[in-house]
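Listed below are the structures to be examined.
Common to both upcoming complexes is chain A, partnered first by chain B, then by chain C.
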Partner chain A sequence: MAQLRLSGLTKSYGSVHALRGIDLEVEDGEFFVLFGPSAAGKTTTLRVIAGLEKPDGGTLTVDGHDLSGVPVKRRDMAMVFQSFALYPHLTTFQNLAYPLREMKLRRAEIDSRVRETAELLRITHTLDRRPASLSGGEQQRLAIGRAIIRRPRLFLFDEPLTNLDAKLRHDMRAEFKRLHREIGTTTLYATPDQLEALSIGERVAVIQHGRITQVDTPDRLYARPVDRHVASLIGDPPINLVRGTLKPSSAGAPAIELPFMELDGDRWREGLQALESGTELLVGIRPHDLALVDDGAGGVPATIEITEPQGDITILDLKAAGVPLRMVVAEATGARYTAGDSVHISLAGADTRLFLSDSGTMVA
Partner chain B sequence: MAATYHAEHGTLLERFFERNRGPLLVSPALAVLVIMNIFPLLWSFGLSFYRYRANRVKEPEFVWFKNYEKVLTDPVVWERFQTTAIVVTVDVLLQLVVGFLLALLFEKTFPGRRVLLMLVLTPMMLSFVAVGAFFRYYYEPTFGLLSQAVKAVTGEPFILLGSEVGALAGIIFADVWMWSPFVMLLVLAGLVSVPKHLYEAAEIDRASWWRRFWTITFPYIRGLLLLAILFRTIEAFKLFDIVFLITEGGPGTSTETIAVYVYRVAFQYFKTSQSAALGYILLFVVIVLTNLYLFFVRRRDVEEQ
Partner chain C sequence: MARKRREIGKAGWRRTAFSTVISFIYFFPVLWIILTAFKSHTDALSTPPKFIFTPTLENFANVFARAYERGGAAVDTHFDLFFFNSIFIAGASVGVALIIGTIAAYGFSRWPLKGNETYLFIILTTRMLPPIIVIIPIFIMFRLSGLSGSYIGIILLYAAFNLPFTIWMMKSFFDEIPREVEDAARMDGSSEMKIFFRICLPQVKAGIAATAVFGLILTWNEFLFALLLTGRDTRTVPVAMAQTIGGDIGVRWGLLAAIETLFLIPVVIVTFLLQNQLLRGVTFGTIRR
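For the complex of A and B:
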């Protein structure tokens, strides 16, 4: 069990700045997700925490103890690598027992702990086989097993599901949640997959270009992204960002001029007060917030470009006044339309957010 | 039909060339191989069953296995085998140790690594004659470097090749100097094939250096190590050039390896057929060694699956 604190961590490889000042606090027993696109600095952050890389600057403490200068061996952390890094010439049993061997445990103790862990991860049937003969999911579980068997104070997972197929990924996500509930060890989990990040993280840090842009609970990340980048990383299909101009409406209340409609700004009155009229904005509209309406009911005319059936839902790619928009409808509704059809849409829902056009930060 | 149209026409000779182009192209190489290699091999095998001396005019006489019997019951031959066994064992062992340590050194990057690596590999590329001549001068009692160095300390010249142990050591040192780089190359190839993340995982799992080596590194170099042992054992078993150039088998017969002995029997005692028989016994030993290696490799492959 451990509370982890990073402040101002920097790391460069030559002219490449992998980390540009990472500040992070992970609470004791928390399942914390580090989410960001590839090459954002997730892996480097984990490697610095594990001690495999030396940071150029900043501090790293666990339970208040500074870890700089503490060798990897004495950090008492376990890491699961993206490549799993299973020992190819050892059996499942030997792989699991590997971290225990340095703990000077009795043979019977090692044996019972290996069996217990194998049981927990359902790989008992593979105990005397080598990693090469295990399936992807079994290798994955073995890699996790090797990490948890030592009962370290901190888990580091580096994109552990990236190398698995979609179905397995789904199963393993549930597995991680179950494991964490049973073991309760502080966990830092890096992933480039938003579904993974939102579904298993208690809190999620969004990391981009070596900086953390937002730390929040999954639902708040979705509902209140701090800037347009976070907004476009979270949500599937991605948010629609439409250019608009702030202008006072005739009644004095703020309004936003979009290419295809005028948006009543009353809902964001507080955030908009500080802005001058004429400010360029980006309006973030979630695909779920667009709805089809009957012709003549006051909707915005649009043309369907592409329909993408997903089974239960259908994604419609539209164009309204030349602006591409994406929306989601029920499969039964989507089936009635084909590319080229004209429809009318309306904007509903409270999840629409406004961002400054130049800096991308959220205003309301 | 269109393809064979050509062959139906022209003279008989042209048609023959046309039809047998492939075999004809290979035939010069095959001819050289047969004349220079396979024929002498079979011929000497035949000779080993005759009583025959190359410096006599007497008709060869067929004597069945008498030459083999004579060679195998000859205590001198067994003595030479013993000398050879000592040389092979110590020589190969030292080459493995030195080659291994060199590989561990060159696995890391450090300034000057390329130049140093080139220097270390040089002995392997020299000819045996050069190495032999070089070490002969190196060990020379009056003006040799070794003797001079010892003299500077003790005041006495040092005759390494004068004693039995010294002569053996001198020969083994020269061979180790020449062939350790070969072992190094093979081991180095194994070392760099180990995925780096395994070492990181082991570090996080808190494995000691020793255990990391045996469980991760060693399995990757085991096969190449076996190969190095096989190659070096066979070569050391046949060791002739260096011995002949440095000591000529002396002092007495203390460094006369079996290969040197075969040479003596053939070209100094002119017992041609006996030396042929001994040569085939050597070949047999090498074949056994090779098969032993293949056996180990196959057993390992089975284990892996």
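For the complex of A and C:
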């Protein structure tokens, strides 16, 4: 059990700035996700916390104790690596027993804990085998097993599911939730997969170019991204960002001029107040917020460029007044259209967000 | 074995036959020597060479004890000692080179110095010139330090010969081990010592075997330095073999062939024992992941 606090953590490799000041607070027992594209600094952050890398600056405390100068083995943390990093020359049993042997536990204790952990992760049948002969899922569970068997105060998971196939990844996500419920240890989990981040994190920190841009619950991250970058990282298919200009409408209420329509700005009145008319904006429209409407019902005309059936839904790639848009429709609806068809669309839903065109920060 | 047979099957009998012929051509000189070892003195000298003859073990007996041309009692040739010397010196020098070289290679791989590549290059340059160039300084150094004729001298020298190769070879094996595996051990509470011995060394077993075989063969066959730097009691087989040529017994081809045949056995055994590791060693990194 541990509360983790990072402040102003920096780390460079030569001229590459991996971390540019990371501030983070992870509560005791929390399942916290570090989400960001590859090379954003996730792995470096975890390695600095683990003590495998020395930070150039900033502080790192667990339960209020400064960890600088505390060697790796005394930090009492366990890490699951992206490559699993199993000991290839040792059997499953020996892999699991390794950390316990380092703790100098008695044989009987080691034996019972290994079996208990193998049971929990359903790898008992592999105890006498070496990692090379295990399936991907078994290797993964073994890597987790080696981490949890020590009962450390903090777990660090570095993209543990990236090397697995899609089906297995889905199963393992549930597994992580189950494990966390059973063990309850504070967990920091890094992933480049937004689906993973949103589905297993209690709170998610978005990390980009070595900086944390937003820390929030998954639903707020989706609904209220702080800037256009976070907005485009979260949500699948990704959000449509359309250039628009702020202009006062005839009635004096704000309106946003998009290439294909004029958007009533009343909904964002508070946020727009401070802005001058003529300000360039980016309008973030979720693909789920676009709908097809009957011809002549006042919709915006658009042409279908590509249809991408996904099974239950179909993604339509449209062009409206030269602007590419992506929308999602039910499979049955999507099946009625092919590339080149003309349709009419309307904007529904309240998740449309406005961002400043130059800085990308959210306005409303 | 089962796997080998299947592979032969896969290549097809034509190709198998073809490679058998080629192998036979390459192996022919060795075969000639082995046959000669079993020939009597007259058979060995006959032209054209005889391929069908009555085999004799006389030559092998003569290796260890023989009577001189003009008769008299058989004299101990001390060849048992020379064989022991060859085995001991090769084994010990390769052992020393492996111990030092493996640790050095791990250092070069995991704790690179400033200018790591330069150091590695410098180490390799020691093998770039023909050894004969340095023979005079080494001879004088050995004389002055009293290492001439001692086991320790020749063992150290051979170890030094083998070191560059060992370091380079072992470094590439250590480079292949993902660092994350070591980090995992670090997090599991292992000291750096333990990481080296318990985690890294077992993973480069194949590399150690491959390096050992190459080193053994090199040392085993070395003649020049052994000739100059070993004494009567530390003489190795190649030197002793050369000294049986000439003198009052003339060139006894059968005897020489017998020595060579015996000389082949240890290398063949070691290579055979390590062949699985050797194959893995040579193909290391090409099949993993």
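Here is the rule we use: the second predicted complex is superposed on the first by the 364 of 364 C-alpha atoms of A that agree within 3 Å, B and C clash if a C-alpha of one lies under 4 Å from a C-alpha of the other, contacts with A are read in each partner's own complex, and residues count from 1 in each chain.
One rule holds for everything that comes next: a residue touches a chain if its C-beta (ideal position, glycine included) is under 8 Å from a C-beta of that chain, and two chains touch if they have at least 3 such contacts.
Just so you know, these numbers come straight off a predicted model, no measurement behind them.
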With the two structures overlaid on chain A, would chain B and chain C clash, or do they fit side by side?
clash
With the two structures laid over each other on chain A, which partner does A:Ala50 touch: chain B (first), chain C (second), both, or neither?
both
Determine, under the contact definition given at the top, whether A:Ala78 touches first (chain B), second (chain C), both, or neither.
both
Between chain B and chain C, whom does A:Tyr337 touch in the aligned arrangement: first, second, both, or neither?
neither
Share the list of chain A residues that count as touching for chain B in one structure and for chain C in the other.
50, 52, 72-73, 77-79, 81, 83, 85, 87-89, 98-99, 102, 146, 150
Once bound in the complex, which stretches of chain B touch chain A?
195, 197-198, 200-208, 211, 215-216, 219, 304-305
Using the touch rule from the top, collect the residues of chain C that touch chain A in their complex.
178, 180-181, 183-191, 194, 199, 202-203, 205
Quick one: which bits of chain A touch chain B in the complex? Just the residue numbers, please.
50, 52, 72-73, 77-79, 81, 83, 85, 87-90, 94, 98-99, 101-102, 130, 132-133, 146, 150
Quick one: in the complex, what on chain A touches chain C?
47, 50, 52, 72-73, 77-79, 81-83, 85-89, 98-99, 102-103, 146, 150
